[in-house]
Amino acid sequence: MSMDSEAIHRAMDRIAHEIAERAQENGGDLAIVGIRRGGVHLARRLQAQLASLLGKEPPLGTLDIALYRDDLSRSGAAPVVGPTEIRFPVEGKDILLVDDVLYTGRTIRAALDEIVDFGRPRRVWLAVLVDRGGRELPIAADFAGATVRVPAGEDVEVRLVEGGAPTDAVVIQPRGHA
Amino acid sequence: MIGTHRHLTGLEELSREEILQVLDLATSMKEVLSRPLKKVPSLRGKLVVNLFFEASTRTRSSFEIASKVLSADAVNWTASSSSVTKGETLVDTARNLEAMRPDVLVIRHPCGGAPRLVADHVGCAVVSAGDGAHEHPSQGLLDCFTLREKLGTLEGKTIAVVGDISHSRVARSDLHSMPKLGAKMRLCGPPTMMPIGIERIGGCTVHHDLREAVEGADAVVMLRIQHERIGDPLIPGTREYSRLWGLNARKAAEWLKPECVILHPGPINRGVELSPEVADGPRSLILDQVQNGVAVRMAILYLLAGGSPEVHPAGGARS
Amino acid sequence: MSEASEVVFIEGGRVIDPASGLDAARTVVLRGGRVAEVAERVERPRDARAIDARGRWVTPGFIDAHVHLREPGQEYKETVETGARAAVAGGFTSVLAMPNTVPPNDSVAVTQLVLDRAARAGLARVYPVGCISKGQKGEELAEMGELFQAGCVAFSDDGKPVSSSGLMRRALEYARTFGAPLAVHEEDLQLVGKGVMNEGPAATRLGLKGNPAQAEEVMVSRDVALAELTGGRLHVCHLSTAGAVRAVRDAKARGLRVTAEVAPHHLALTDDDVARSGYDTDFKMAPPLRSEADRAAVQAALADGTIDCIATDHAPHTAVEKALEFDQALNGIIGLETAFPVCLALVRAGKLTERRLIEALTAAPARIFGLPGGTLAAGAPADVAILDPGAEWRCDPERLHSKSRNTPWKGTSMIGRCTHALVGGNLVYELARGER
């Protein structure tokens, strides 16, 4: 399986509509949080799409979960910590967490821990471009662009360019492939 | 690991890239300090022992807060500087503490080289919180961080360090770091406080006239004059020192560039090296330094308690 | 020292005996504890013992004018016996034992104890040095006359300077009675302050308090002036600075009775080595390792004779006394077993001739302290060192003979080694075959 620019665009469009629908049903106060680094681009695109669908631009934040990882002592390595920027109050919001690929669920676990340290959201939804299966925690996406079973030895690579471009692609390839 | 280093005993051994690694991480850590809930779980279950052989509420608290924000447990161990005749040696003390299985040992000691000695005898990471007149690496890094934050960059900037250079570990750490980030250094103080060969560190210039040193500088680091140096006899007294090498509002207005900022490692001797108007004035970054100190120490603890750096995993390889 | 009646032939070696101006392939014959003859070709009787010295140097046994044997009082660091064993392993058949023991050697009882221990060990000859001042306190003169009669060959408060100019003047005067030199540790303690290494860029970088070279120069200059005033004999211990070299050179030019020694570490190392070692306290001693300019000056002064002799300042300390903060660790390093290879490196570097090196280790100290050895002339004590100038070995402190391990050369490779030492014709040391 792979997705070209066209397929990604269609998937994003569909998710955006589903999110907008759900947001309107709930009548809540929507805010988007992209998980660094793969989710940030997607979040930005969703923000633009949702702005036109909802007639109001939801605020956008980014989250780096490095400080919430559960494998620091196991990996023996200190992961690079990128900036977390959440400049709106999380309290009472409907938070849309955005990431590119959903796999074991550990990133989302960390992101949930981190987001609740900023405040108590009314609810949290998860949107991903690709759900590749292989969950290690009871976590599920509310919105997924594509769902596909990818063997553990393979990587899902998401290439997105700012603003969307014909070179956008999702490629599945054996691990370690450059 | 900071670059290839398991311990942080000085900035002399750090490269430009390794210094930038800490400063960049400290930027992320500073954001954590601005959150409503100032705590992240990354060092949960890690133990940081602060072993202080010199009184230092400021640095010790800063390391302690940094530990706690990262969810590490912090234990403070205050000891008097022992010698072989008084019983337990430094190595004994360090080995005893190591038996409690700390992940990081933060050590402040009046003798240069003491953290290095400890590092040679323990398995955990060792961070110097200042050793004698050798180095105070976390202070040097927070000075760099504060200046980079305010000036944008240290590249091409001129930084004057004024005071008792001979006894100053802060001056040495600044000299071992700021030039690596592109700054030009000027040192200033009475000749009795200027150690031989200091100009060989970081290519600094040496001045004895305050005006000459601070004119045109982008930043001035004022060092604390310790009262025990008076009658040492490095200087005749604080009154004369303050007149010749202290910075007051008049000198600052006449000699400093309008955008020149002032740093001080603290605690200040008000009215000696800095007059109160200058210490509390708009140029002063003294309180920024204190806040940034926590962020920089968080970065240091995070890197040394965690292990070696790795490439940030690509999106898909992550979960 | 039991004198051997055995006859020993040392054959095939290159005999270097600066005292008799000899440097040639010769056989050395020892008989009755003395050198019988040094000849090109001698018939060896069947019952004589032969030592094959082919490819080796055969020299008078070395004399170390400056050794701390730590007995009595600090036997946990070294004893007369272990120190003497280290000495002969390094080619030293005579050593001068410094008096800063516990109690200090300011009494006949201590002098006698050192001599007794040395006789019992039967290794190197040990010549006690007595205190200049009682208890080395720098206040009253020690009983130099009694000490001299008991066997002390010189006087010293080594470990510390004689700070009082008045006392130093009287000591120089009084010692003239016996013709014994005062071996002085030259540091102006006011200038040293809390300094723990040479003052200079290396100390600045390490943030350690500096001890300026001038702290030595000031005292040497003072004592040269006092030697002139009194006509006394001044021997400058472990001279380490260019300024002190100038003062000694000037004193000698003026015909004063001034001699000087230099330690191998001051010839070989500088304060930059302290920095490179990363606060290794095996690089801490007093006087401290100096600058490159000082090192060059003492090398040149040794070569031209301004500095008369090489003395190790062998100063054993335990690991516990050294594994401390640099500021707090004790001063001193062991040196007996590394002196020859360390100094031989100067010969390879073209800083010193072979002859001058051997002279500085043999004839020169014998002359200064009026000792019987230092030569292979017929009739001299049968004290001989046999040296392999090409032997390569690694300095492993665990395998040295001293009781202590505090050497800056730990783990380094060395060229040149003593293979045999004879004292009074007795073979007191032989390097085990295959030992590296």
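Letters A, B and C mark the chains as written, and numbering starts fresh at 1 in each.
We adopt the following convention: a contact is a pair of C-beta atoms (placed from the backbone, for glycine too) under 8 Å apart; a residue touches a chain by one contact, two chains touch by 3 or more.
Remember, predicted model here, so these are calculated numbers, not experimental data.
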Assembly fragments, chain B aside and the remaining chains unmoved: A | C
Closest chain to global C-alpha mean, per-chain Cα centroids: B
Winner on C-beta contact pairs when B-C is weighed against A-B: A-B
Geometric centre distance via CA averages, chain C-chain A, whole Å: 77
Centre-to-centre distance between chain C and chain B (centres being mean Cα positions), rounded to whole Å: 45
Distance from the mean Cα position of chain B to that of chain A, given in whole angstrom: 39
Interface hub residues of chain B, defined as touching at least two other chains: none
Chain B residues within the chain C interface of the complex: 12, 83-84, 89-91, 109-114, 116-117, 121, 131-135, 166, 169, 172, 195-198, 200-201
For the chain B and chain A complex, residues of the former touching the latter: 1, 25, 27-29, 31-32, 35-37, 39-43, 45-46, 70, 302-303, 305-319
Complex interface listing, chain C residues touching chain B: 199-210, 278-279, 320-321, 323-328
Residues of chain A defined as touching chain B within the complex: 37-39, 64, 66-69, 72-73, 75-85, 99-108, 113-114, 117-119, 132, 136, 155-158, 175
